[in-house]
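Next up, some structures in structure tokens.
Two complexes follow with chain A in common, the first pairing it with chain B and the second with chain C.
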Partner chain A sequence: MTSPAKGAPGQAGAILALTGPAYLWLTVAILLPLSAMFYFSFLSEAPLAGKTGEWTLANYRAFFEQGFYGTLMLRSLRLGAEVVFWCFVLGFPCALVLAKSVKGRWREALFLLVILPFWSNALVRIFSWTMMLRGNGILERAIDWVVPGRFRLDIMFTYEAVVIGLVHSYLPYMILTCYISLQAVQDDLIEAARSMGASRLTILRRILLPLSLPGILAGVVLIFVPVIGSFMEPRILGGRNGTFIGTVIEDQFTAVFNWPLGAALSFIMLGCVGVVFALSRLALGRRG
Partner chain B sequence: MTVISVEGVTKTFGSHDALTDLSVQFDDGGFYALLGPSGSGKTTLLRLIAGFEFPTSGRILFNGEHMEGLPAEKRDVGMMFQSYALFPNMSVFDNVAFGLTVRKLPAAEIRTRVAEALELVRLTGYDKRRPHELSGGQRQRVALARAIVFRPRVLLLDEPLSALDKALRLGMQVELRRIQRDVGITTIFVTHDQEEALTLADRVGVLRDGRLVQEGPPKQLYERPASAFTATFLGEANLFTGTAAEGRLALPDGTLLTPDRPAAPADTTCAVRPERVDILAPAEDPGARNVITGTVSEVIFAGTSLHYLVDWQGRSLKVTATNRGAEGAAAGETVRLAFAPRDTVLVTP
Partner chain C sequence: MRAFSLGGLGRVYLVLVLLFLYCPIIVMAVMSFNESQFYTLPVKWSFKWYGALAGNERILSAAANSVGIAVLTTLIASVLGTAASLAFFRYRFRGREVMQLLLFPPIAIPWLITGTAMLLFFFWIGIGRGLHAMLLGHVALALPYVIIVTSARLKAYDPDLELAARSMGAPPWMVFRRVTLPFLAPGFLAAALFAFAVSFDQFVISYFLSVPGTSTLPVEIYTAIRKGFTPEINAISTIVIGFSMALLLGVARFYKFGGERK
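What follows is the complex of A and B.
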């Protein structure tokens, strides 16, 4: 393989033609609106409907002056970490079985079950959870039927309900990214380890986990970022307990119409996510 | 050390029999080759011995100890894979040390034994390299060191040299033989390369369609093949088919061949190696040899030897002669071919 830089002169044109549309789209659809938002975040008022804002840092200052924004940010980061944790705990074993144990038709069928939630509307999925989780809901009745009169399940409108809903929404990402990297691990490696006397746990710890780390990290990023900013699941399943930085930002845009504050909070959130990833990268890099 | 007995083993995948009622014994310290074309079941047999698969019926014993239900991780087998299967996330040292750390040996002993193993495969000083920084031959040496460092009961090699280019392969054959002798471990290797099997092994087992066709020392297999398949799979052979007539073999054109042993009424086929056939000079007396007359259709010059294709009865016979510088027969010439009765080996068709 030759690298693009060393390729024939015609190759540069081909690369431009192939990547151009995607980058143009990203510029128009993401970079420009985001730049506008970044600009808004430094104004006292959004320059919409004839109003004009003045330059100010007040929106950013608000985050640091009012303690509850910081508290909410930490709460969101914790939510992100917990959802990622449960997605990994549930998703990795599933991906491992799909990639290494199940073959042929069964694999296709099980895969379909993983992807199926994506085919339904997100709102429908979340509302269906409300029927499951509410007091005297489907889940409680089912538990009551198995173990009568022992448990009172009332987790609707709690932090746990939000975690459950988010794990359900984002689990497929973890399964898919882990599956892809686990499938790339040759079966020979596992057999070689077995022939040398390695137990299943040793194989998992010393071979499968390290070799699928890129997939796990991709899943972590794919889940952590949207969960931090999520607002639908927290609102519907969390109720009064569902206030997170994502819902506050949404409020600024849809209820309070304070776009500059919403924009500033969004960029602070982006910064926090960046810091978290930079720190975890440092930690991982030191270990490797 | 270890004697491995395979007793009446059948292995079925779905409706397909990969191995059928196969019995063979691998003696302690021996170097065995399992030779056969792809799909002959040789790799399946290796995987059954390793414990990655279990026989559908029959049994496998290590020193008389039953291996049923004992998976690979409990069998103490060293296996080298065709792909080498080095762990890409580990250094050469960690790869070789793997079997030792799994056995929870003290760190100091692990260091000593890894160093010994790397010295044995002549890779001292490569400890810190990653597999992707090594050449194909070096990777193979690491895989070998890794498979023997924990002193397994048996060493299994799956097509050990097939991924190397020819020059490297010849060098590794010598190395492999040396290492196997040094370590003295019972070794079984699978190959489809007959030359490799003949040069490396003490004993060769030829497999075809899940059955052991013939087994024995390389020289015996080559000189006295039992079947037409062995004769043609191990080297080249000219096959003659006829009917038994008073201990000799009568060919369709009326020629009578004297075989290595008196032909029984059921015998119909004999095999003759190309290098055991001489082209007679015009007035030369064949003596007690079998003689066939044909026409040279092609002469192929191959440096140390000359290959002749001789038309006989609408078939092409192969004759190989050592290149001694003399003018040989030319294409179009009618020649008499002579071969001794002891080189005319009766085989099953």
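What follows is the complex of A and C.
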């Protein structure tokens, strides 16, 4: 009963009974909605309330004809790249210290502390930054306390505020993925390199970075994709400067009610993410 | 022995990163206990804003909705997800790999797209928006996590243990209660807590599927933030984040994030 059976009678029925409900649910709530969205993106108007849309490529054409959307897409891609960059710069050393220099109970406790915010409410964490960044907020007062004077930070509702909030949101992902792959690097390997006279920088460059590349890349993907699709973070921290492709898509669904255009923009966004990853894969492949 | 020690510098750095991660949350929590609504310092401690919450019908009903949906999501996703992972564990069949691959779109596609697609499709076929639509969406998002977590635990399971217990004369129910269940329980519990957290903290999907008047806590908080800052939001946010973190500590208790202890 417990060993994986092969071709046992009644097996097909059992498989269907076990996997059917879960996959039916996923079909109704994920696959069909995405397919419907793809269908809508080729219609002139949403086939709701008795209207019928006609087949058209106008929604996709709008993206290429109106420079506005392209500019925002580039702005979102830049935001994604910047957030990924800072997450790596801040997160990799942190993962390195955790994996290779702290041991035992301490490591466990610190690791838990780092990933504790990882699953807690993203919205609330973004909101908490408004306390820090707003005019006369904590950060400004802290600076004023250190350097008294008329120095004004004035960072709330700017592009930088959005970057700070997003880095805060996604940093634990990068630490987590880097930590997992760094932990798998054998200490003997590092010892061997050192005994042969390799400096720390060499060990980092020739052993630790290449061997943890899969973890770094996993972190990059896990951060880049949701950042490109973010809309709540730019709205709260970016204010009027927080217009990105994600907020424009949200507008199409909640304010403008041009669902076909929103659908087309969503798939263009997915396409752009795909192209970015294909290109970076090509670049990485060539180097190796 | 430390393989790649950065000495005291490493520790200092770690503390700085932790400061960056926790500072805003701590500030928010402290401010929720501040009597002044303009966040003036020094803090005058008071439970005023928590008291105000108790009289806020909107927040209270949203909180009830959040907990209700999260509990239902946990139950449904745990049962359906565990069943599916049992099938993957016990049988090798055609399409198995494809089915496992299908678990990734809900995780990998930005929630903005999943959420708007659900809104569009549910509206189109007449399911509409509201709590039932949110439940439909939350379960779908939680399912892949449940299947992945329980599968990981099942993979580590050695059926020979059962065989050994049975060969020593244990009756089947005893084998199940003393061998199978204790081994698998942490995995199932972790999966259930994951499902609860996915639902309880979910904002984007709920945002698109909520109707004015009936929403969940994160949606209500978002609406309040956009209207303006008040310490009342700090109070409810502090409760939410404290609750989420306690939940995650629960997950960590049953599911090793940091790899095996050495």
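Worth a mention:
Heads up, the rule we're going with is that the second predicted complex is superposed on the first by the 254 of 288 C-alpha atoms of A that agree within 3 Å, B and C clash if a C-alpha of one lies under 4 Å from a C-alpha of the other, contacts with A are read in each partner's own complex, and residues count from 1 in each chain.
By our rule, a residue touches a chain if its C-beta (ideal position, glycine included) is under 8 Å from a C-beta of that chain, and two chains touch if they have at least 3 such contacts.
Worth saying up front: this structure is predicted, and the values here are computed from it rather than measured.
After overlaying the two complexes on the shared chain, residue contacts for A:G238 are found with neither chain B nor chain C.
Legend: residue contacts after superposition of the two complexes on their common chain; A:G80 is shown touching neither chain B nor chain C. When both complexes are overlaid on chain A, the residue A:E191 reaches chain B and chain C alike.
Of the two partners chain B and chain C, more chain A residues are in touch with C.
In the superposition on chain A, contact is made by A:L18 with chain C only, not with chain B. Of the two partner chains, chain B is the only one touched by A:T202; chain C is not. Residue overlap on chain A between its contacts with chain B in one complex and with chain C in the other: 191.
Remark: chain A residues 2-6, 11-12, 14-15, 17-19, 21-23, 25-26, 28-34, 36-37, 40, 46-48, 90-91, 93-94, 96-98, 100-104, 107-108, 110-125, 127-132, 134, 137-138, 141, 168, 171-172, 175-176, 179-180, 183, 187, 190-191, 200, 203, 208, 221, 225-226, 228-232, 235-236, 246, 249-250, 253-254, 259, 262-263, 266, 269-270 touch chain C in the complex.
Per the touch definition, chain A reaches chain B in the complex via residues 186, 188-189, 191-199, 202, 206-207, 210-211.
Those residues of chain C lying in contact with chain A across their complex are 1-7, 10-11, 13-14, 17-18, 20-25, 27-28, 31, 39, 41, 80-81, 83-84, 86-93, 99, 102-103, 105-106, 108-114, 116-124, 136-137, 139-140, 143-144, 147, 159, 162-163, 197, 201, 203-204, 207-208, 218, 221-222, 225-226, 229, 233-234, 237, 240-241, 244-245, 247-249, 251-252, 257-259, 261-262. Those residues of chain B that touch chain A in the complex are listed here as 50-52, 71-79, 81, 83, 85, 87-90, 98-99, 102-103, 146-147, 150, 156.
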